[in-house]
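Structures follow.
Both of the next two complexes hold chain A, though its partner changes from chain B to chain C.
Up next is the complex of A and B:
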């Protein structure tokens, strides 16, 4: 029984990592807590739902729709709304306005979707949704979750490659380290920020596709999943992709074993308690670099 | 000196006139519209109390639902299981919430602003989950997610704060709001207010001038939590049920912050004007299109984005600017 819980925890941990990556990238580069990420995830789940029911696409193929749509949305939301705020708020170094803007976006998106689609739960059915694969010792695990974890891991690897090996990724990291110096090196900082926000939203889209394959789709789903993303963000440390993955796995395990020994309420309380303790004792995160 | 007296006289007259207008208007409204007006004033009250901590002291909290819920639960439990009048329960809840506020503040005020906000959100979530999962503490029934119903009494009963006629609720909340605004005004103009403003602006600089920022913030937190809890008791009496999903919800905390931010955070009358504008729009929209779920909060979200994007200091300063311009024109014309 422990074995099964362990595997489930690890698989869910990978999937949670995918949800946290988007927040992590945006926070790491722009120091903005993107409160709307849960709602963006929900929107992409609805995109997947729409594409599979109307166009009869394979849910995994909808990545090709969801990613560009969310990237464009993020790029322009950053360009139109956040950029002026960002330039203004640099002066008083109080990013609360930015937090609230993203929170406002989240609330608006969630409730607009609620207005359009009501709170009826929807789900996608695929030929493989009821397939369970053997994971050893006679235990079985749902195939879609394993595929989801696989996609999440591939995303982590690709993102790491992008941030460390390509020019634009390096430019993003340079921007996050020292804005002025990056500007002096000829990096268009504001454009980097647009890209970073778009990238964060695109990562939300990937997480949305993964969740859409096995989770119930309702307009309120974003809050449930989104809160996990923030816990992982704080636990993993800002801007560190490896830390994010480790933190995701920890949260996945805590949730799985908390659910096994206690109940689902307790496991959620544990997650939040870890969050508060980490914030209090090590605000830079378990795996993040200490504050400069 | 004389001029000042005249000013206070005018203010007092305006206040009396407003109170009289309220009493007269409330006679003509039916319970349905009264409910809307009560909600508007209630959110003005909550946002004003929130403003003491987050506006004056600059500690941005998104977890004030904790205090609202504590207040509501304390007075309701005391009333339903010990037979103590909600009026006393209100104060008990307030004291409890203030104590909890200090307990939260002691470790958390050393955190940076964004982290403090995140902690408050997490604490509110923990509180919601705890209340949702606990059935009883000792002999006290909490009923987990189902919540506690307040048994209704007949007629208008002042002692247990239950009225068939909604206008009495309106009087109570207006009284509370007046007290809250008076406290805000007092804080703002006292030494504490200036010190708080200094801390909110630049903590290091304030501390270098011998301002004990930690104690000040704790004070602000206690006052803010007390007021919110008192309002929470009122809320419970108004809706006659203590429901964790309603009283400890993240949406409630967000709403307070949004109302205060839109009106003008850090100003005494900011939250009131915010509530008057935003809450009335959203309440009437919901009343008009009752069948559309989520419209209310969607309006909030959109207004928040627009507001922060175009007038980050809130609506009140803009109104004040126009009023001042108007008066200046008049003065010039009379000259």
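Up next is the complex of A and C:
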């Protein structure tokens, strides 16, 4: 039972990491908390639902639709809505508008989807939906969750490669470290922000595809799933991809073993207790760098 | 120019989001648009508030409009239940209006005003106050979650406005004096007793069939009350509880819970789960291949209209305690039209226990208005508590009469029946005397599960 719980914790941890990557990238580069992350995830779940029911696509192939759609949305939302606010509030010591605009986007998206689709739960049925594979010692685990964890790990690896080995990724990192210096080196900071927000939304799309394969799709689902992204953001350290993965795994394991030794409700309490303790004792996160 | 364009875009965006989440529209998209239409109509007649105060000035309100408040969680994970209940309420009100309205008030028509509880006690109390003080409703129907309903019950008692409790089964709602609210269907206490009776009967049929039990419940007042009731009843039956699990409404994975069930292998699983967790639990159990002798549900997530489309036949064999099931109508041929018309109105969707509760609550209020002959809240309340609705009343789709305890407001006649999922439909089979011809109780329930059949 402990072995199965360990594997489950790691698998769910990888999946939770996928939900937090988008928030993490956007905060790391732009210093904006994307409160709309859950709603963006929900939108991509509906994209998956639409593509599978109308176009009869394989849910995993819908990544090819969800990622570009969400990237384009994020790119232009940043360019049209966030950028002017950023330029106006740059000199402001307390840029409330920037903080609230993503929260507004989240509320708007959820309620627009509620108006269009109502609260009727929808789900995707795949031939492998109920396939549980042997993970050793006679224990079984859901195949779609294992695939979801695999997609999350590949995403982490690709994101790390992009940020560390490509010019565009390095430009984003440079912007996050010192935007004035980056600008002096010829990097178009505002364009980098467009890319960063688009990338964050595309990462939400990947998480949406993963969740759509095993979770019910409703307009409120983003609130349910998205809450853990912020715990992982704080725990892993803002802007750290490796930290995000480790934090996701910690949350997954705490939830699984908390559920085993106590009950699943207590495990949620443990997750939030960790959130509060890290905020109190190490606000930069377990794997983030403290500000000098 | 760019700034102006941005301002226009932002203003439009804000307007759309505010229109979508505004408290006045309350409900789902459908109800929201209906509310907008109603608001437009109110404006045409010199403004909604003015019209409401005019209505209030006429105690008899002959031939006018009577406003009833409808409070449910239209947003959040419980919204699907709200939609079902609302469909039942709207069906009842349309039926009464089309039959000439409230005749004792000159054919006054009923108008529904919606509010969103957001599954939150404070929001629900504030919406109840808005409906009473601002909208001038004569009575309220709602509100699903028991803790939320309790807060609305307090507001109704404060303003002396009658409340027809709909889809809430917490015992606290009928404990002690509650002079302004009534419950029509069964409460938790009735549910746990019915489960215990079932276990006892199965053990009488097959001695020693049920020795161990698991309790799975949501962490709220409803789940807690059922959990406490089950513990008490199971102790009395000498059944050992081997798993007692609580989970949040927004749980995303129940594999650990099912792992515990596989490990302890209880004979019976008693659960109080809303739609999301019930679907997760059913799918995880089917995936892992676990099935108890009896999966006893509590008329919540598994009775949702979207449950079967979500889980298919994986719930076959499950039992559910219910105040109502479509099979009840099968034993009432003269009321079969109610089920048929409901399906026609709702694009093929079937009546659920929640829709039935909504229908009955709206009808109770309409009967009270008819008896009172006035839209005065006190008069309606007095008439409501004196109601005696026989089992064969044209609209009573419950298999029992409706009348209320004068102190608590509880319908003492309410008896929960029990159904079993057979071929993706709930067949009422317990007590076995109510089973429709051709259906029978299958125990152990897992004999009907696809996992067992495919083995």
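The rule we apply is simple: the second predicted complex is superposed on the first by the 289 of 292 C-alpha atoms of A that agree within 3 Å, B and C clash if a C-alpha of one lies under 4 Å from a C-alpha of the other, contacts with A are read in each partner's own complex, and residues count from 1 in each chain.
One rule holds in what follows: a contact is a pair of C-beta atoms (placed from the backbone, for glycine too) under 8 Å apart; a residue touches a chain by one contact, two chains touch by 3 or more.
Keep in mind that what you see is a predicted model, and the values were worked out from it rather than measured.
Asker: Using the superposition on chain A, tell me whether chain B and chain C clash or fit.
Answerer: By the criteria stated at the top, chain C and chain B clash after superposition.
Asker: Examine A:129 and indicate which partner it touches, taking first as chain B and second as chain C; both and neither are also allowed.
Answerer: The answer is second: A:129 touches chain C but not chain B.
Asker: So, A:8: does it touch chain B (first), chain C (second), both, or neither?
Answerer: The second partner, chain C, only.
Asker: If we overlay the two complexes on their shared chain A, which of chain B and chain C does A:230 touch? Say first, second, both or neither.
Answerer: first
Asker: After lining up the shared chain so the two structures overlap, which partner does A:259 touch, if you call chain B first and chain C second: first, second, both or neither?
Answerer: second
Asker: Have a look at where A:69 lands relative to chain B and chain C in the superposition and call it first, second, both or neither.
Answerer: neither
Asker: Looking at A:189, would you say it contacts chain B, chain C, both, or neither? Reply first, second, both or neither.
Answerer: Neither partner.
Asker: Contacts for A:84 in the overlay, against chain B (first) and chain C (second): which applies, first, second, both or neither?
Answerer: In the superposition, A:84 touches chain B and chain C alike.
Asker: Just chain B (first), just chain C (second), both, or neither: which does A:120 touch?
Answerer: The answer is second: A:120 touches chain C but not chain B.
Asker: For A:57 in the superposed arrangement: first (chain B), second (chain C), both or neither?
Answerer: The answer is neither, since A:57 touches no partner chain.
Asker: Clash-wise, after the superposition, say which stretch of chain B runs into chain C: 237-245, 255-263, 273-281 or 327-335.
Answerer: 237-245
Asker: Shared contact residues on chain A, chain B side and chain C side combined as an intersection?
Answerer: Correct list for chain A: 81, 84, 104, 107-108, 110-112, 114-115, 118-119, 223, 227, 263, 265-266, 268.
Asker: Which positions of chain B touch chain A when the two form their complex?
Answerer: Touching chain A: residues 58, 60, 62, 107-108, 111-115, 117-119, 121-123, 125-126, 129-130, 132-133, 250-251, 254, 257-258, 261, 292-298, 300-305, 308-309, 312 of chain B.
Asker: Residues of chain A touching chain C in their complex?
Answerer: 1, 4-5, 8, 12, 80-81, 84, 104, 107-108, 110-112, 114-121, 123, 125, 129-132, 140-142, 145, 214-216, 218, 220, 223-225, 227, 255-256, 259-260, 263-268
Asker: Which residues, counting only chain C, touch chain A once they are in their complex?
Answerer: It comes out as residues 2-3, 6, 9-10, 13-14, 16-17, 20-21, 28-30, 32, 74-77, 79-80, 82-83, 219, 244-248, 250-257, 259-260, 263, 275-276, 279-280, 283-284, 286-289, 306, 309-310, 312, 314.
Asker: Quick check on the complex: what are the chain A residues that touch chain B?
Answerer: So the residues of chain A in touch with chain B come to 33, 81, 84-85, 88, 94-97, 99-101, 103-115, 118-119, 219, 223, 227, 230-231, 234, 263, 265-266, 268-269, 272-273, 275-276, 279-280, 283.
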